[in-house]
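You will see chain A twice below: alongside chain B first, and alongside chain C after that.
Moving on, here comes the complex of A and B:
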């Protein structure tokens, strides 16, 4: 194998390698870590971030960013809880929530492509605040608790010992993977992220593809809200505050590039799992609050450093 | 060159709601840490009710988006000081960070009333709120009663550095130390957020499967911890005690899912805050410390808080 080839392979394997090292460290330091119960627990805890990160991945591949997903998660969970509490059949409430998330995502896309805002950082920053405010207004500032079992059990139960939340992530992962790797839409998204102008000249319908990417991202945030609301037995306006940052971290730790054009579903899921394991390990080891912030901050910076180094090698 | 129209349009839009304002009233500002839970809403209600009885004063209530946005609170305070309010009622999100702004206020002759969270700010006119350390010790007494005189318990605390939640944790730890056979085996941050309360509790149950109780320094985290306990079907086996006695927590106590909580009187804080502010604006003095009281809430008395 050529040296360049080895480097690319190492770049691909870096996230997995990081995950394995973290697991070994945690297994050696905490007797409670390496138990089936705890590992299933980490999977469940990581599921909301994994769903958000899958949406974020699609956007980051286009060299974009979506800061509004935490707020979309919040407003979706509130609307979901309101629909359920108003007596809507669970299936209808779920569909309504998904449509809402998709529409907010589409709005993000339209702000970017039709209003020609200079960068999705701006449009989604706006949506982030608007959606959070809407969640607060709708819920009157307080959580809406006590959701019907008919809604909770399909999303919060277990299937042969596997949490339903993890199955939802698995489904979503397969669908996003197929979208990115097996369809013309996916290929276009990578092309836009690689070089937007070249993609446009090659006849890629850049605007409609970007609108699609942000719609998928909003939709995934709504899916995440289903899992979260079932887990918390409530919809609450503060849900997902700051969650966009964990999702971005998961995507970047998973080997996607902030510069666009690079990223995989498997890497992103590993990234989400990495963050979940890290938080779990810090709790198990009873690490103090202050050190937790430092450790998490350092890991995120380290992941971006890897990304920058990789981009430099690519030049 | 195109004239920069946007700022003009925006300013006009902002000015519009203020067009038909009656003659100037004397302004008082209430600035809380956030407006995202029942606690703040009730506090604001109490303040509004008190202000309504004094028609020559106008009460403005504002807050940052989240408790953790201390710098946003500082900006809000600066704006209120510049606007020239007659008194400032503040629930400091960061007790150190707001100091210099409060100094400015006092330098301009604006009296500062601290509510809910005390700050080491010498020139405050008064502090009105809960004795949080005392509330923490009430929770510890409730914990000892619930788990018996022996066993392991854990503590889930708020945003690190948040004075009132730190005081609750301290009060709890000091009181629980008096029962040497109850051991606090872990103390982890839940940042006052429900979602994190759930996650942290799951992890603590894994690390310390034999714990008999958890104290969370606010109800949001206690309700999150409660979902973790419910999911493991441990209801009744683990005592869960929160702080605030919100309506939701009180209902959970009535249902037997939550063991207890410590009630504060946010309505009283809001009311007393406004009354003190008006008194100070009119040149009267108020006591340096006004304790609005705490009460331990459990199955015996939860019903009145659940309404």
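Moving on, here comes the complex of A and C:
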């Protein structure tokens, strides 16, 4: 294998290696860590971040970023709760929520490609505020609680002991993986992130591909809102505040490159799990929430340092 | 036989600067055609127009007698024009096969567009065989050596049915053996009835690949001939221009005091450059694109990392070794960078701010900026250099190119400046402003400054410099005094051929 190939393989294995080391350390330091209940609990708690991160991954592969997914999650959960409380059949309410998330994502894409805003940081920063404000207005600033069982049970129940939320993540992971690795759309996204000008000159429809990426990202935020609303039994206008940052962290810890063109679903899921396990382990070890923030911050910086070093070697 | 590809009356200007003026060339099937010229002669612009990357302001491109839609790269490709740029452009994290099919990836399952991996790899294998390239189809493009990346892009162009293949500086990143391989591929393409257009500075390589040559100078078409009918000397003369004479000797002979001493300076692209500059002397740096002119200046200034060597400035306090940008400025050495808008100016800010970007002596008192001093400095500069601006508060973005450049120069118009490094100081300025800037530079030298002038315009070097150093691949390959320097001699040395 070439040196570059070895480097890429190492880059792919690094997140998994980090996860294994973290698990071993936690298993040795806390007797409560390695129990089925605790591990299933970690999976359940990581599921919303994992869903958001899957969408973020698609965007980061194009060398972009989406800051609005936390707000999309919030407004989606509010609209979902309103639809359900108004008596809409659960299936219809779910579909409506997904369409809403996808449309906000598409708007992000259009702002970037049609209005030619200089960077998705700007367009999605705008959408982030607009969507959050809309959520607050719609909900009147308070949670909308008491969702019908017909909606909650499929998303909050268990299937053979596995939380439904985890099954949703697995399903979404497979779909995003197939999209990225097996379809022309996905491969074009990698090309755009790796070298946008080369992709354009080779005839890749760059604008419509970017619009697709942001639409998928918004859609995944809406999926995350279903899981969260079912768990909280409410639509909550402040839901997902700051969640976009955890999602970005998961993607980066998972080995994707901020420079674009690199990233995998498996790495991203490992990244989300890593953050979940770290929080869980620090809780079990009685580390305060304040210190948890410091630890997670350092892990993010360390992951990006690895990314930068890799990019410099490849230079 | 009618030409395969024909360009007629192509004119293209960028921001008022004419890059191509009424250029007409035709290219025959089965023939290799070299396009040569100095830096900035318009070669790459012409190729970009032919490939549909740029839309010409006037003129048209015809393939097989049918006009191509201007500025439509995808359509130009579809009709059979393939461009392989100087820096290989590919998606680094996709495979070779994916890059070859990029933009037209074979897929099944209707709108799901699932990639047909087997067909993808088969197509790539065919394309690589057609071009005679031996790389694995599933290797990542970014992991290939530059030479292989370039060959893959040639394979891609052929695979897309290109009947005209445009190679922009194809040999600039290749080793000797790889160049041989490229020659074979080119020969095969010509044998199969395709037209090959190659841009290069290296005449020997052009002779190996092509039969005809077209020379551009200052955006104008000056020569088209069969290569067998012209000598290297004739081509070089066409590139450099006959009408170039060294007009007017420098006003004053330099003194004997050395002010700048560069010794064995090396960096990533500069390999051991040594020279001295005396007070009042203008030393020119000549060389082709990529010869390391800019990098040498930046290495001297301290804005590019050095791997070895020393730079000394002789001041009233004796010799001072400079390492960093801060050292250089403190010792009285300034840099006027090539990219005026990107590196030289803060475009959205005023003339006042830009002139004082390097603080003048006394510009800061007790840590606070002294507005009277800054104002006086800017007013002096405007008066002395005749900067046409609506006052010191005018934003530099609103100034013409020539006046912008004067603002950059004004920064070093102070008693403590000893040495000024200038990188293409008259690029993109109009003729009148150019003449003015030349006079200012001569006046600075007459006041005892040492100037190092890097320029791709040989007439400019001949007009201003006491001595000219010729760079090739980051090394000094020749030195000429003003008396012995000729345009032909400089081009020949820079290109590494004997005239």
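In the analysis below, the second predicted complex is superposed on the first by the 309 of 315 C-alpha atoms of A that agree within 3 Å, B and C clash if a C-alpha of one lies under 4 Å from a C-alpha of the other, contacts with A are read in each partner's own complex, and residues count from 1 in each chain.
Definition applied: a residue touches a chain if its C-beta (ideal position, glycine included) is under 8 Å from a C-beta of that chain, and two chains touch if they have at least 3 such contacts.
As the structure is a prediction and not an experimental result, all values here were calculated from the model.
> Applying the document's definition of touch, where does A:232 land relative to chain B and chain C: first, second, both, or neither?
Only chain B is touched by A:232; chain C is not.
> Please work out whether A:167 is in contact with chain B alone, chain C alone, both, or neither, and reply first, second, both or neither.
Touch status of A:167: no partner.
> May I ask you to decide whether A:183 touches chain B, chain C, both, or neither, giving the answer as first, second, both or neither?
Second partner only.
> First (chain B), second (chain C), both or neither: which does A:106 touch?
After superposing on A, A:106 lies clear of both chain B and chain C.
> Of the two partners chain B and chain C, which one touches more residues belonging to chain A?
Per-residue touch count on chain A favours B.
> For A:198, decide between first (touching chain B), second (touching chain C), both and neither.
After superposing on A, A:198 lies in contact with chain C but is clear of chain B.
> Please write out, lowest number first, the residues of chain A touched by both chain B and chain C across the two complexes.
Residues common to the chain A contacts of chain C and of chain B do not exist here, since the sets are disjoint.
> For chain A, which residues are in contact with chain B within the complex?
The contact residues of chain A facing chain B are 30, 32, 35, 37-38, 41, 45, 129, 132, 136, 140-143, 145, 156, 228, 231-234, 236-241, 279-280, 283-284, 286, 289-290, 292-293.
> Which part of chain A faces chain C closely enough to touch in the complex?
Per the stated touch rule, the residues are 2, 4-5, 8, 182-185, 187-188, 190-191, 193-195, 197-204, 261-262, 314.
> Can you check the complex and tell me which residues of chain B touch chain A?
35-38, 40-41, 65-66, 157, 160, 186-189, 193-195, 198-200, 202-204, 206-207, 209, 220, 223-224, 227, 230-231, 246, 248
> Which residues of chain C touch chain A once you look at their complex with the stated criterion?
Residue list for chain C touching chain A: 53, 73-74, 77, 83, 89-94, 98-99, 102-105, 107, 112-115, 139-140, 142-143, 156.
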